[in-house]
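Note that the chains are named A, B, C and D in the order they appear, and that numbering of residues resets to 1 at the start of each chain.
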Amino acid sequence: MMWMKCTISIVPATSTLHSPDVAVHADMREDFLKTLRCIILSRILEEKLGSLYRAGGRIVGGVYLGRGQEAFSAAAGNNLRYGKDIYGPLIRDQAGRIAYGEPLLDAMRTYLGVITGPMRGRDGNIHRGRPREGCMAMISHLGSLLSVVAGALFARRLRGTLGDTVGATSIGDGGTSTGAFHEGLNMAAVEKLPLVISVANNQFAYSTPTSRQYACEDLVDRARGYGIEGYSVDGTDLLACVATFRTAFARARAGHGPQMVVGKLLRLGGHGEHDDASYIPDSARHKHEARDCIEVAKKQAIDLGWITEAEIRTWEEESRREVDAAQAIASKEPTPDPYRETWHALSTSELVEGQHG
Amino acid sequence: MSITYLEAIREAQYEALRSDPNVFLYGQDISTFGGAFKATKNLSREFPGRVFDSPISEDAMIGMAVGAAIEGARPIIEMQFADFSSVGFNQIVNQAATLYWRTNTPCPITIRMPSGGTAGSGPFHSQSMESIYAHYPGIVILTPATVEDAYWMLLESVKLNDPVIFCEHKFLYYHLKSEGFGEALPIGKARIARPGRDATVVAYSAMLHEALKSAEELQMDGYQVEVVDLRSVKPMDTDTILASVSRTGRLLAVGESFPWGGVTAEIIARVSSEAFHMLDAPPMRLNSKDTPIPYHPNLWKTHRPTTSSITAALRTLLRY
Amino acid sequence: MSITYLEAIREAQYEALRSDPNVFLYGQDISTFGGAFKATKNLSREFPGRVFDSPISEDAMIGMAVGAAIEGARPIIEMQFADFSSVGFNQIVNQAATLYWRTNTPCPITIRMPSGGTAGSGPFHSQSMESIYAHYPGIVILTPATVEDAYWMLLESVKLNDPVIFCEHKFLYYHLKSEGFGEALPIGKARIARPGRDATVVAYSAMLHEALKSAEELQMDGYQVEVVDLRSVKPMDTDTILASVSRTGRLLAVGESFPWGGVTAEIIARVSSEAFHMLDAPPMRLNSKDTPIPYHPNLWKTHRPTTSSITAALRTLLRY
Amino acid sequence: MMWMKCTISIVPATSTLHSPDVAVHADMREDFLKTLRCIILSRILEEKLGSLYRAGGRIVGGVYLGRGQEAFSAAAGNNLRYGKDIYGPLIRDQAGRIAYGEPLLDAMRTYLGVITGPMRGRDGNIHRGRPREGCMAMISHLGSLLSVVAGALFARRLRGTLGDTVGATSIGDGGTSTGAFHEGLNMAAVEKLPLVISVANNQFAYSTPTSRQYACEDLVDRARGYGIEGYSVDGTDLLACVATFRTAFARARAGHGPQMVVGKLLRLGGHGEHDDASYIPDSARHKHEARDCIEVAKKQAIDLGWITEAEIRTWEEESRREVDAAQAIASKEPTPDPYRETWHALSTSELVEGQHG
């Protein structure tokens, strides 16, 4: 049995002081490997989406990828049970969605805009979700999903169906500047909801550097002001992410209220696939945060003796087949037919108005 | 036993809480205090754990209601004043109103908005926002003008599987009384509040009562003015309006919100397009003036339509 | 040298910055990056210290613009998409739009809103919000449809001592080209974009071009359709519209925003009320459908008015 | 010369650590007495407004008073120069307005709705201001004034007219939950503007206790998350307030960015004069925060030998005369005439639309 120390600084919140270092236990192996498998799949799916976008023709609208953020995203999603817990993924949460259990086909179908997908061509890409199964479908307005996830948890507690379920959602460094994020987080704190908020500080909001976004030293410094527990983690380090989110989710489930996990990392790509990110200075590209979390994780797993290179290659091949299979299915499916669309924005069809004028 | 419009709103919430455990109330100062207007008086005592004081966070209040609705709850959210919904605007029009269409998930939330002007309330405690919300797909906008509608339509709102903006008029809270709740009329249907054959006034909410007084005044001059109570601004019951105009040939639309666009423009556009040849005179409308709502009663009385300005407009219309 | 609609917007900002040191630009990603659409490309280099990247805080962006305007600055605020102004809504309609009336202090701010649909942009990157803002007193709403108007009206906006919502259409950004900026037309006046005698189409922004194509198509059938470019939604140039309708006797109003209320209802209400007897046929309108704006191009093409739906409506109108 | 210790805990912000205790110097005498004079006048004015409200007839609309918050409010306003600095007073800032230099007549005229007042009957009570003279006129939406004050400072810096000027604005415990407050404060921090924010934590937002408003221990815990300097002060202690705001304003003027001063106190009255505040529990009424800051201040001044009881009585009499004089003038002035009102919401009168329809 091997032990390894990873650097997780868990910042003291209002009431609880966490130990600043956490040792890697053997019982992390399972979670770690499951997450590693997810981030490999996520990267391969996203590479496919990127190349479909560049090829043109099939994907409509933009493509927004999570390259470099997979470890942080998946380590959160891995703590969620599909159909039980509530998840509000954001822009760069493909890896989290996979870890959570969202079917690959949901992604592919939504990007291709086919009617078999959860959004039926009505909305696209990262806006997909199945709210009644616990997967919220984000609107574009940053910050506004937090209160929705909080509300779902609130309703469960009210109706007595909360049990050990938990909610999770994400935000970027840029999204923390929205009023919606502040209101939602404050309300969740007041209601002491079992909610884990991942703050993916990827150094940029589109092109805007963090120096134009906030003036604090570390976004985790905000936790105390909300009276919630906060963690700061190296977002490129899957082991650290798995350990931190494990603690955060356990504490959320145990009734300690919202948990804010801030991951430091770098967006390894453009804001969307249309963007070459030429504004990211070379200096940023050479910092620790610019490490590719997947390479780091593979090495961690191999060093720990948890997996071999050959096994990883097998996973990669399997992932490619899964992605190809999803694409093969979705690309044969029909796109929406405007003449079959009901154009009903209300579920109460008697109250839908006809055309007037 | 006479019941006010405000009491009807309290009673409807009482009944909603009583009959469905999924209903809860969330809003500023609505718990032990019973709300700024006392529309939730005693409800927190009668339904412990189901009436919550909210932080001053309109955006999050609506967002949380949407999340709760997804999980099967049926929240009633009180805005302290309709005017403050401007900071919850995005969650209403983009989150709540798009949920069903985007994801096939019903969004049964009711947002109560104490609306409209009262003397001395000024630009930010007097607004009527029905015209703004009705512009957006995916929301139902109700504007009760009677004690009966206040009661039944609020109860219906909570049962509806869609977001409802419930515009309750503050001017009617204490003034308007009734002997009981009467019968429920269906949501989405207008009502002939007073029959007549010379002209049709379409009004809603507090303006209904100004229009009725005006019709009364004009009766002394021998005019029979028909008054239609819109009840629901969206959907708008075009059929009832057209049927009335087909009888009278004359139309005046009256609303309290700002003059550009909005309810009265929509009424006139529908009637002009769909019943052009039934009109014996150009359709008219009356709204508030095109400035913020004034604080001083002298100005306020002139800013909004009143019985006298409605009567004046009707005289022009009837003489045409 | 041909200039696009987008370049015109950049050039107008260049000229505004050059000619008045009180002008500054504030918006997300508009500094070195030059904005999501490159409407501020190079401006931060050409005018150091006057073009600022904003945090993602639309409410504060508008609030800060109002404060700056009070102090004599003339800010131009870029919303990354018009749709996101929903979270700055309160500062626009309640802070900026009421300042002059309440305090006699002019509020010269320009809010640029990349508006309207493009294929694949979905419900939250396609909205046209002119109908919402025009409802409120105290704001000017401009909707340029040409390269010339994009340039001159933006320059005029910055000079105006009132808040301006500048709705620039994303669909026109790259497609629309002109050989120069031509002459400035006055703000608040509509323009006869194409003369005709058989029917009047009132349109604005991207819809103007669909209407013009439609008029072209119908010319082959011998119809002379007059097309009015509204240019400014509020104030709305009623005189020009009425003059056109008095010549043609037929009216179709076309807009891209949602169907309930809004620009087209306002046009029809004004014409019906003020020029009823000039109409030889019931007035008509065309808007988007009453659902959120769809992501998939198949749906999107049907959701908004297009040349073919305008032509179909006009045929009905002309045959009447 | 006497020395006295007052308890000011100045919380460490991102970069600067203040000493936790500040001694009272003789040079505070002038500021203290000036402020004391203001709070006495403010209380007397507000008592008059309250009785006019209860008498009915002349005041239209609500009356919202600052009873119990005068020391905290005036200690801030005292650092502002009318016509030079920028002030964004909120609901309970009558004392701050007086200290800032707003004429008493502005208050009286606005409450009486006469056309000679700055709002000319168009808006009322606490919404008054003269923006071009630096006094912002709040809209009702809480939190939304902060960014306006920030914008005014921003424009001054841009135009080179900032000099040593500073801005100040207030918020209540309830107002801190608004998205607008968060966005404005964060933006001010990013722009490092010379702005002092007073957070009057009076334990209630209308009827809502702070337990339903936030979950942190002290609202000053938020300062660090914004990267600004924070102070926590006993809002019933004028000496402490004067000392704290003096530091905060000095640091703001010296380029240290936004300063957040949180005052702990109790609203000694209803939310407005229509409200009997029966929801405030007796326990709250007997706490330290329930002290009447004016009585505390009078005693402090007498104990320090800075003033005599007789002198205070003279001030009170003078204040009463000032208030009566203002009332006498304003109550004779005309209320608005709707037929003389232009009903122009735009300053560009050519663009004002006529009535249509």
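Here is the rule we go by: a residue touches a chain if its C-beta (ideal position, glycine included) is under 8 Å from a C-beta of that chain, and two chains touch if they have at least 3 such contacts.
Everything numeric in this text was worked out from a predicted model, so none of it was measured.
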Chain C and chain A - chains in contact with each: B, D
Pair with more cross-chain C-beta pairs in contact, given B-D and A-B: A-B
Averaged-CA centre spacing for the pair chain D and chain B, given as whole angstrom: 37
Geometric centre distance via CA averages, chain D-chain C, whole Å: 41
Centre-to-centre distance between chain C and chain B (centres being mean Cα positions), rounded to whole Å: 30
Multi-chain contact sites of chain C, meaning residues that touch two or more partners: 54-55, 57, 59, 83, 86-87, 90, 94, 97-98, 101-102, 123-124, 137-138, 234, 236, 260, 264-265, 268-269, 273-274, 284-285, 289-292
Shared interface positions of chain D, touching two or more other chains: 119, 122-123, 127, 139, 141, 144, 177-180, 183, 186-187, 190, 212-214, 344-345, 352-353, 356-357
Topology of the chain contact graph, where touching chains are joined (line, ring, star, complete, other): complete
Complex contacts: residues of chain B adjacent to chain D: 28-29, 32-33, 36, 52-57, 59-60, 81, 83-84, 86-87, 119-125, 259-260, 264-265, 268, 284-287, 289-292, 294-299, 301-303
Interfacial residue positions of chain D with respect to chain A in the complex: 14, 177-183, 186-187, 189-190, 192, 211-217, 219, 221-228, 257
For the chain D and chain B complex, residues of the former touching the latter: 60-62, 113, 119, 121-124, 127, 139-144, 174-175, 177-180, 205-209, 212-214, 279, 335-339, 341, 343-345, 352-353, 355-357
Complex interface listing, chain A residues touching chain B: 118-120, 122-123, 127, 129-132, 136-137, 139, 141, 144-156, 158-159, 161, 179-180, 183-184, 186-187, 190, 344-348, 350-353, 356-357
Touch list for chain B against partner chain A, complex: 21-22, 24, 49-50, 54-55, 57-73, 75, 87, 90-91, 94-95, 97-107, 137-138, 140, 160-162, 187-188, 234-236, 238, 269-270, 273-274
